Amino acid sequence: MALITSETKGVFVIACTPFTDNGALDTASVDSMVDFYYEKGADGLTILGMMGEAPKLTQAESIEVTKLTLTRSGDKPVVVGVSAPGLAAIGELTKAVMDLGAAGVMVAPPSSLRTDDQIIAYYRNVVETVGKDVPVVLQDFPLVTGVQISTKVLGTIFEEHPSIVMLKHEDWPGLQKISDLRDAEAKGRRRTSILCGNAGAFITEEMQRGADGAMTGFAYPEMMVDVVRLSGEGKFDEAQDIFDAYLPLVRYEQQPGLGLAVRKYVLAKRGAIASAAQRRPGAALNALAIKEVEKLIARQTAKLEALN
Amino acid sequence: MALITSETKGVFVIACTPFTDNGALDTASVDSMVDFYYEKGADGLTILGMMGEAPKLTQAESIEVTKLTLTRSGDKPVVVGVSAPGLAAIGELTKAVMDLGAAGVMVAPPSSLRTDDQIIAYYRNVVETVGKDVPVVLQDFPLVTGVQISTKVLGTIFEEHPSIVMLKHEDWPGLQKISDLRDAEAKGRRRTSILCGNAGAFITEEMQRGADGAMTGFAYPEMMVDVVRLSGEGKFDEAQDIFDAYLPLVRYEQQPGLGLAVRKYVLAKRGAIASAAQRRPGAALNALAIKEVEKLIARQTAKLEALN
Amino acid sequence: MALITSETKGVFVIACTPFTDNGALDTASVDSMVDFYYEKGADGLTILGMMGEAPKLTQAESIEVTKLTLTRSGDKPVVVGVSAPGLAAIGELTKAVMDLGAAGVMVAPPSSLRTDDQIIAYYRNVVETVGKDVPVVLQDFPLVTGVQISTKVLGTIFEEHPSIVMLKHEDWPGLQKISDLRDAEAKGRRRTSILCGNAGAFITEEMQRGADGAMTGFAYPEMMVDVVRLSGEGKFDEAQDIFDAYLPLVRYEQQPGLGLAVRKYVLAKRGAIASAAQRRPGAALNALAIKEVEKLIARQTAKLEALN
Amino acid sequence: MALITSETKGVFVIACTPFTDNGALDTASVDSMVDFYYEKGADGLTILGMMGEAPKLTQAESIEVTKLTLTRSGDKPVVVGVSAPGLAAIGELTKAVMDLGAAGVMVAPPSSLRTDDQIIAYYRNVVETVGKDVPVVLQDFPLVTGVQISTKVLGTIFEEHPSIVMLKHEDWPGLQKISDLRDAEAKGRRRTSILCGNAGAFITEEMQRGADGAMTGFAYPEMMVDVVRLSGEGKFDEAQDIFDAYLPLVRYEQQPGLGLAVRKYVLAKRGAIASAAQRRPGAALNALAIKEVEKLIARQTAKLEALN
């Protein structure tokens, strides 16, 4: 299977991990979900990320989910999240998933990191641990990790490690970071792929700032697919029209601590997975929240129809 | 001047503090800004909040801003943020602003608080410090303070202190918190006013959950005013239509670390204040960001016109 | 092998994990280290704790260390640290080590927990995950976890879960917590074993407050053994004399981020392990620090001789 | 009054703020406490620090405490803590206390700082705010502030701002930081005074690493005075003997959240202040803790007598 590179573009959907109502891994839904994502236009997937309930899986289950997803994805690239408190676990899971055919691994910084030098040293250790031939996605998500990585530090890391080929960008605010990274490349630094997260809430501006696409899990991947495609064609106003139609739900899904419940509810409703259940501990939408989501979906559908 | 009570409803705009380009307090702009907010339909104001650059003011300046705002506000209620690392400063500023005619004070928990008992003890100390006759707004904003206050703890605090008459609600996610607080009141707990923050990003759902209004600083206060009014009339779909038109800018303004720059830029553009300058240290919008904001405003204007 | 219970007393040494200079697991040193600890009077061991470099081990290595330690420990009880970001990993490792004969497992709260209810719910999930028949040690170490558990919350957890039989106490300050827990037991709450950590720096006061012993890794376990024994005999002054002789080194070893390097240096010097090496990333003592440690050891030896 | 400089050496005691039992400022005890500190050999004082309950004082009280302390100190240098959430308050208090004759001001970084550049920018703003003629002490206390300042960042700050003449060193571990800073000076960087905190718990090693003295509030300042003097004379073993005698109490006093109560208890017992009361909110020692402290003092007295 092809590896991700510093030229990778498009939409990598952050996949959820489907469970049955009693909390068992729902392998049939892995297949249907993978199919769903590609039918909606995804260029690739990212599994075992923060929204994938990865810490709730045993190591054996993590491998099984990877196998199932890779098999069903055919030659589409699949990135695997391998963040862990220790390098040994990162190295162990990386070896396993790369052997299975993953396109690369994604690593977020542990929340204990503080100084610039600590962050730089951490990614040096990561690259030494996984090996220089494994493509790495650096996940920059300070809202969750608590680790703030300045543009300068990102530059130092990118220059030192050619195998870190992609930035999963979800700093907040972070639009200027994209511009600054692209400016540095214009002045000679090697290129890095930038795919953006943050539930897609800034994807229109991000694309105009020079991002290569999206890596996020909004339950209507066609939004990201359309915005990325239209932005690539320079049709920024049309992209914004489509984005605006989805934005009320994007916003609702972006709530920390509730987002995954919304996402799984919508995916189940759309037939991508059989059950919206999260493995314990996990929130479920109550009746009031479901009513709010349904209203947002109904309005979204009407707006999209009005656009066509 | 009237004090806020547990029955207070409507839109309290979180006011910014206007400075000249060289960082001096712009007293003329305080007047024009206050006029602007009330012209747009504000029911009251909240000053010296987190978005008011309060920590950048000397004590004398804080008093001056309060005086100017109160004078210009006439009989409209003005809440003053008095959060500080120590109780003495809270007590000192509270006495000063209540003597000047403030309608109440707002206190966020210091970020050192952790356990439920610490939070409960803190507000006990606050009430003892400011006096039981001073109406207090409890600001519940974990994204910034790092302090998570459960619904149960809020209930304990409300029951113990009748002078805490209002919750500035900006937990995230927090919709269910509103429902739970209202449920407890339906079962007999005394009523508390709930005004919502979070840049207004959830104001439609919040109103349907039982909020009394908004307390936030989005630079188009007429959005909150219209949504609150229409919600009060049960016209939730119309409220949502208006909200949706503003949402792309609400979203852009909600970026931590950049939001105030956006807000001041828009307020200056709308003539409410003379300069968008923040006192040092503070970010200013660069050309790229201004272009993004202007595009959002142009689209917003078109959408609002289409609604009428 | 016997399980730990709420009556367990004595000294459980927090064991390090021995590596060779090139970072491989040093299985021979596991044996010699285990022998060393028991020769010095340890009643049991705790492995794979924070000081055991557990996150640097692969799952297979964690199992191997457990097997080796259990085999060498004979019928002495060995507690295994199983803290992990997710319940699945906790359950998986717990099942493995209990099947091998561990005496119980130790679980620290994840640093994301904030409210009292979140902490209570977490340990409910832990007990459901590992099963009610597995003895659990609750590790209360806010300096490292950032989670503050009040005495009241500890009481709620203890009352709800009889299988949580032991508190590894290293709150700071925490002496009063011991007294308060014992007071609650005097008034009827079921007994919980309390073994104290914090590098042994408060072991004299802790024993007088009602602790059952120590669970910490100071490289001279005979200090804890002697203090616990003498305290049990009511010879508090003699206990304090011995403690005072070791205190300068205890203090030096207590430095966060450096403590393990000191500990492994001393253990290697004493012949317990072959190499002081830590697996990457890990600090090593430089020449200046070694000189300081050697001076402290020399003075300690002289003081102990003067006591005899 | 003389200003502190990059050559300043000796012991600056962190002074507490004396209150009467009902929480009023105890001005008579300010005088007796100041006298006490100098009688015990202090070279200077630091007031309104973290242990000085500064956040509990009104601005007027802060000025009064400064005036009283400066008057009573005669020509001894007094550093004033001016840390605050905002630059305006820092500038306001700095101007006031420097006009009154303070020897310099001390500023800790606000806990919101994360990246190296943010820390560097912060001290640039501080120096611009207070003026380049005001000597500044940079307080490096990550255990409390949460801000980790690398040795490299300290170097950048020192090189940029000659008016930052002193480091209050209480990183943990931090011995190597002292060595590294001195090494950089040996290679040409301008000298900075280094006074050490951390309750004096590492003062012996710190002096041998090149520190200029202590800035901490242990209630037996003669310990720091003796250790600093003897270290200056190269009598490191004698210094260590004295240190060891005090260490059990140093350790007890170092407990976060309890230390100030211990310190005030001892100061009151020694006649330096009239009451051990802290202003609300503040812990007081209960009977059990008092018994522990008294025992430690009795043993300390006996050990010191044995040394003479």
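Order of writing sets the chain letters: A, B, C and D. Residues in each chain are counted from 1.
In this text, contacts are C-beta pairs under 8 Å (C-beta built on N, C-alpha and C of every residue); 3 or more make two chains touch, one makes a residue touch a chain.
Treat the numbers as computed from the prediction; the structure is a model and nothing was measured.
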{"item": "Matching chain pair for B-C (criterion: over half of the contact pairs shared, by residue number), options A-B, B-D or A-D", "value": "A-D"}
{"item": "Chain located farthest away, centre of chain A as origin (C-alpha)", "value": "D"}
{"item": "Between A-C and A-D, the pair with more C-beta contacts", "value": "A-C"}
{"item": "Rotation in the CA alignment of chain B with chain D, degrees, nearest 5", "value": "180"}
{"item": "Distance between the centres, which are taken as Cα means, of chain C and chain A, whole angstrom", "value": "38"}
{"item": "Centroid distance [mean C-alpha coordinates] between chain D and chain C, Å", "value": "33"}
{"item": "CA centroid of chain A to CA centroid of chain D, Å", "value": "48"}
{"item": "Residue numbers of chain D (touch at least two other chains)", "value": "none"}
{"item": "Contacting residues of chain C [partner chain D, same complex]", "value": "172-173, 175-176, 179, 201-202, 205, 208-209, 240, 243-244, 247-248, 251-252, 255-258, 286, 288-289, 292, 295, 299"}
{"item": "Touch list for chain D against partner chain A, complex", "value": "114-118, 147-150, 152-153"}
{"item": "Chain B contact footprint on chain D (complex, rising order)", "value": "54-59, 61, 84-89, 91-92, 111, 121-122, 125, 128, 279-281"}
